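Below you'll find a set of structures to go through.
Both complexes below contain chain A, partnered by chain B and then by chain C.
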Partner chain A sequence: MIEQRHLKGREPITGESISVIKIRDVLLVAMPPDPDDTTITILQEKVLAAIERYQVKGLVLDISAVQTLDSFFARVVAETAQMVVLMGAQTVIAGMQPSVAITATQLGLTLGGALTALNVDLALEIVSDAFQRRQRS
Partner chain B sequence: MIDGIREEVAIIDESDIILVRKTVREAATKFNYSLTDVTRIVTAASELARNIFLYAGSGVMRWRLLEGNGAKGMELIFEDRGPGITDLEQAFQEGYSTSGGLGLGLPGTQRLMDEMEIDTRVGVGTTVVVRKWQRRY
Partner chain C sequence: MQSGDERQNREEVLKELQEYRTIFEISGSSIAIAADDGTINRVNAEFVKLFGYSKEEVEGRKKWSELCAAEDRDRINHYHQLRRSNPDSAPHNYEARFIHKNGGLIHAYITAGLIPKTQESVLAVIDISNLKKAEETARVSERSYRQIFNSVNDAIIVHDAAREIIVDANTKASEMFGYTLEEIKNTSLKDRVAGKHPYSEAILRDFINKAAKGAPQVFEWLYRHKDGRTFSTEISLKDAVISGDQLVLAIIRDITERKRAEEAFRETNAYLENLLNYANAPIIVWDPDYNITRFNRAFERLTGYRADEVLGKSLEILFPDDKKEDSMGLIRRTASGERWEVVEIAIAHVDQTVRTVLWNSATLFAPDGTTVVATIAQGQDITARKRAEEELRQSHEKLESRVRERTAELEKLNEALRGEIEERKRAEEIISRQAQEILEVSTPVIQIWEGIVSVPLIGTLDSMRAQQLMEQLLQRIVETGSAVALLDVTGVPAIDSKTARYLIETISAVRLLGAEVVLTGIRPAIARTLAQLGVDLSNVNTRSSFSAGLLFALTLLKLRVVSHD
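Here is the complex of A and B:
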């Protein structure tokens, strides 16, 4: 079962939207290339609500399209990851572009130690691995 | 007045931060900076534009090209008539923030750019100038 919804942020210039897709028990959220602050804040609220509603075990945040990761975006991502953990699920941030990774490191961003993966496929594997480990222990 | 200003973006709304990023990305891409340098410049611009929006309410971003001594580069000027910064040294300390932010904007921008100058007067405003020189490969 795949559910898809589009949230439109207040985005007068590019009109970008965030897609939130549920794949089995993981929520897959794809960030647009250049989200504004309002879009990012809306994302946080919608993601947390969706995690509660669908009782997913993980959140995969696909940032492969993201061109600019600044301190505001990074703070919301790290905060969201922490909140997701508090709710009992796992966050994996997937697909950071090399140029973005270099810049983020130089800027001093750490993403609060959230799990990361090269791409969405690997992120989905991490979520299911982490879940299985937790089931066993 | 500064000579050679190519473009000017008024920062009034939060969405103008996106406009600053878009303007700077287009310009830096056009002038053949590497993708990583484009990302560095745009990220720095995003930090400085957001600082204006958050702390001064409004201001302006201008950019121009630099040429001289066989070197080429790009200069971005961020000007506001906000409250100014009382303690610059403190403002450049990593983790220092008066808005619950990460406190990475100013120190991070300094690392991302080649040169950074800041002129601030309490009650008058703040002007931040950043430059990135073109590497010859």
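Here is the complex of A and C:
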């Protein structure tokens, strides 16, 4: 039933260049290879608006295409994750490239409380696990 | 009787008169009888013939002096009067010039005398015009001879052989000796000899006597000038008979200049001769038939031939057999007037050795400027120089070849070095590849279960290995999609702060990917070090052993190890 409701309420969310896709109770956002600051800001707004509207369990941010990670992007992602938590959902960053991870580590960038997953598949699993854990607790 | 006598007397007188008249008329001489005042009373036929006037035109009409030429008129008048006033002082014979009726001049020889007891004079006129003309001709001829005589450039002296005196001499003679003609005349040809041996009077007399006997003599003689200097002459003596006198004609030519020129020539010649003979350079002269005409000492030394051995022989003998043709070819070209500046021609010595000689030549022409009379060539023996050059060239070559050898050696050495470098480079490559391999091998990332990779770290973890580890680990995690990575440090002897930082970095990076790290095998010593260094590993999953770590990893993946029992 829940899935059906989710399917009914499914609407493609389109922004300037990024689409925020709702799959059942998860929002999926695929980042473009080289996102600029404006895109990132619009993304944040869109994501927050979508969460408010759909009451989803989590947000999966697919950054497998991203080749470079700058401090602004890292900060916005960390903030967004925090905001999402405040709005009762969970954020999972999925598919970070090894080279991006190395750079980020060396630069000392962190993603705050955001969870990470190797890929979108695992990310979806994490989102549901975390929801269950939270409900249990 | 008396009258008879008288008549007879008169008849005789008449006869006598008749006779005289006849004589007067037929005389070969022109005769005129002039009166006291000079009027001609009577002339004979011869007179008419001589003067061209008829008897009628002259007799009683013309004066004696009128017929006379203007130049002589006064003299004739004077004689005429003198004959009357002082007959003894008047000349009996004289010459005078008269004028013919047609204006022609008549030279006449006059014989004049008074007819006794009268004042009339008889004038016998002999025409001497032809004689005069002959005299004049002779004089002109004499004068022209004299002129020739005087204008001759040689002194001509006419010497009387018998009296041994000079009877005549030309002006050149007086110039030559410095005496006037008068001073010379009547002296002897033998005077003024220089006196030095062999120019003595006795010898000169000998010459003169021989000439006088009909043997013409030509000889050189030294005379002394009036001013004391001596001068050379060439005398030719020849006998001559003039007007019955036995004479000797001496033609004397001043040859001082010639002598001087000859002397100069001889000197130059001697100088050239010596120069040629004693010059250090070989000099040779050949005629148009290529026969040797001169051969100097230096050439004798060069070839070993003596001059008298080669003079008149062909040039060919000088050249080595194998070069004869070439050399003769070069020489023939000089015949056309070509000059050698520097031509190298080999010359053969009699001992068969060959000398290299540099030649220059000059061609001597006949006065016509085209006929070659001789060619003179001067050489410079450069055999020694050639030899030195050759030696130099050889030593140079030797040096060159040595340099070449050395260069080759160096090249070889270089090649070897290059090979060595190449070898080393290859070795280095191998080493670096092996190092890479070792590095890779030293951090093997093994997937030990679906979702679990493991890295057993062995040895010291430096920055390079740490980097390698991080890259490899992250790569393998993404490839295998492993959510857990087991990092076993059992094989790491020690961990310092730097190593610890590398480990933490690696762990953070793995987490960013969304995987979890389990650090296992931390030995007590390492644990102590990490604690002492204040390294915070609190939010890192650590397990003491690899198996404990594996168990934890399986738990994270919600897997359990179950016994079959």
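To be clear about the criterion, the second predicted complex is superposed on the first by the 120 of 137 C-alpha atoms of A that agree within 3 Å, B and C clash if a C-alpha of one lies under 4 Å from a C-alpha of the other, contacts with A are read in each partner's own complex, and residues count from 1 in each chain.
Note that contacts are C-beta pairs under 8 Å (C-beta built on N, C-alpha and C of every residue); 3 or more make two chains touch, one makes a residue touch a chain.
Source: prediction; values computed, not measured.
Undergrad: Consider chain A as the common anchor and indicate whether chain B and chain C clash or fit when overlaid.
TA: The answer is fit.
Undergrad: With both complexes overlaid on chain A, does A:Glu45 touch chain B (first), chain C (second), both or neither?
TA: Neither partner.
Undergrad: Which partner does A:Met96 contact after superposing on A: first (chain B), second (chain C), both, neither?
TA: second
Undergrad: If you stack the two complexes on chain A, which partner ends up touching A:Leu118: first (chain B), second (chain C), both, or neither?
TA: second
Undergrad: Have a look at where A:Glu79 lands relative to chain B and chain C in the superposition and call it first, second, both or neither.
TA: neither
Undergrad: First (chain B), second (chain C), both or neither: which does A:Asp70 touch?
TA: first
Undergrad: Touch test for A:Gln106: chain B only (first), chain C only (second), both, or neither?
TA: In the superposition, A:Gln106 contacts both chain B and chain C.
Undergrad: Give me, in Å and rounded to a whole number, the least C-alpha distance separating chain B from chain C in the superposition.
TA: 7 Å.
Undergrad: Jot down the residues of chain A that show up as touching in both complexes, chain B in one and chain C in the other.
TA: Overlap of chain B and chain C footprints on chain A: residues 97-98, 100, 102, 106.
Undergrad: If you look only at chain B, which of its residues touch chain A in the complex?
TA: Residue list for chain B touching chain A: 14-15, 17-19, 21-22, 25, 35-36, 38-40, 42-43, 46-47, 50, 94, 101-102, 104-105, 107-109, 111-112.
Undergrad: For the complex, which residues does chain A have touching chain B?
TA: Listed in rising order, the residues of chain A that touch chain B are 10-14, 34, 36-38, 67-72, 74-75, 97-100, 102-103, 106-109.
Undergrad: Could you list, by residue number, the parts of chain A that touch chain C in their complex?
TA: 92-98, 100-102, 104-106, 110-111, 115-119, 122-123, 126
Undergrad: Quick one: which bits of chain C touch chain A in the complex? Just the residue numbers, please.
TA: Touch residues, chain C against chain A: 470-471, 474-475, 477-478, 481-483, 505-506, 508-515.
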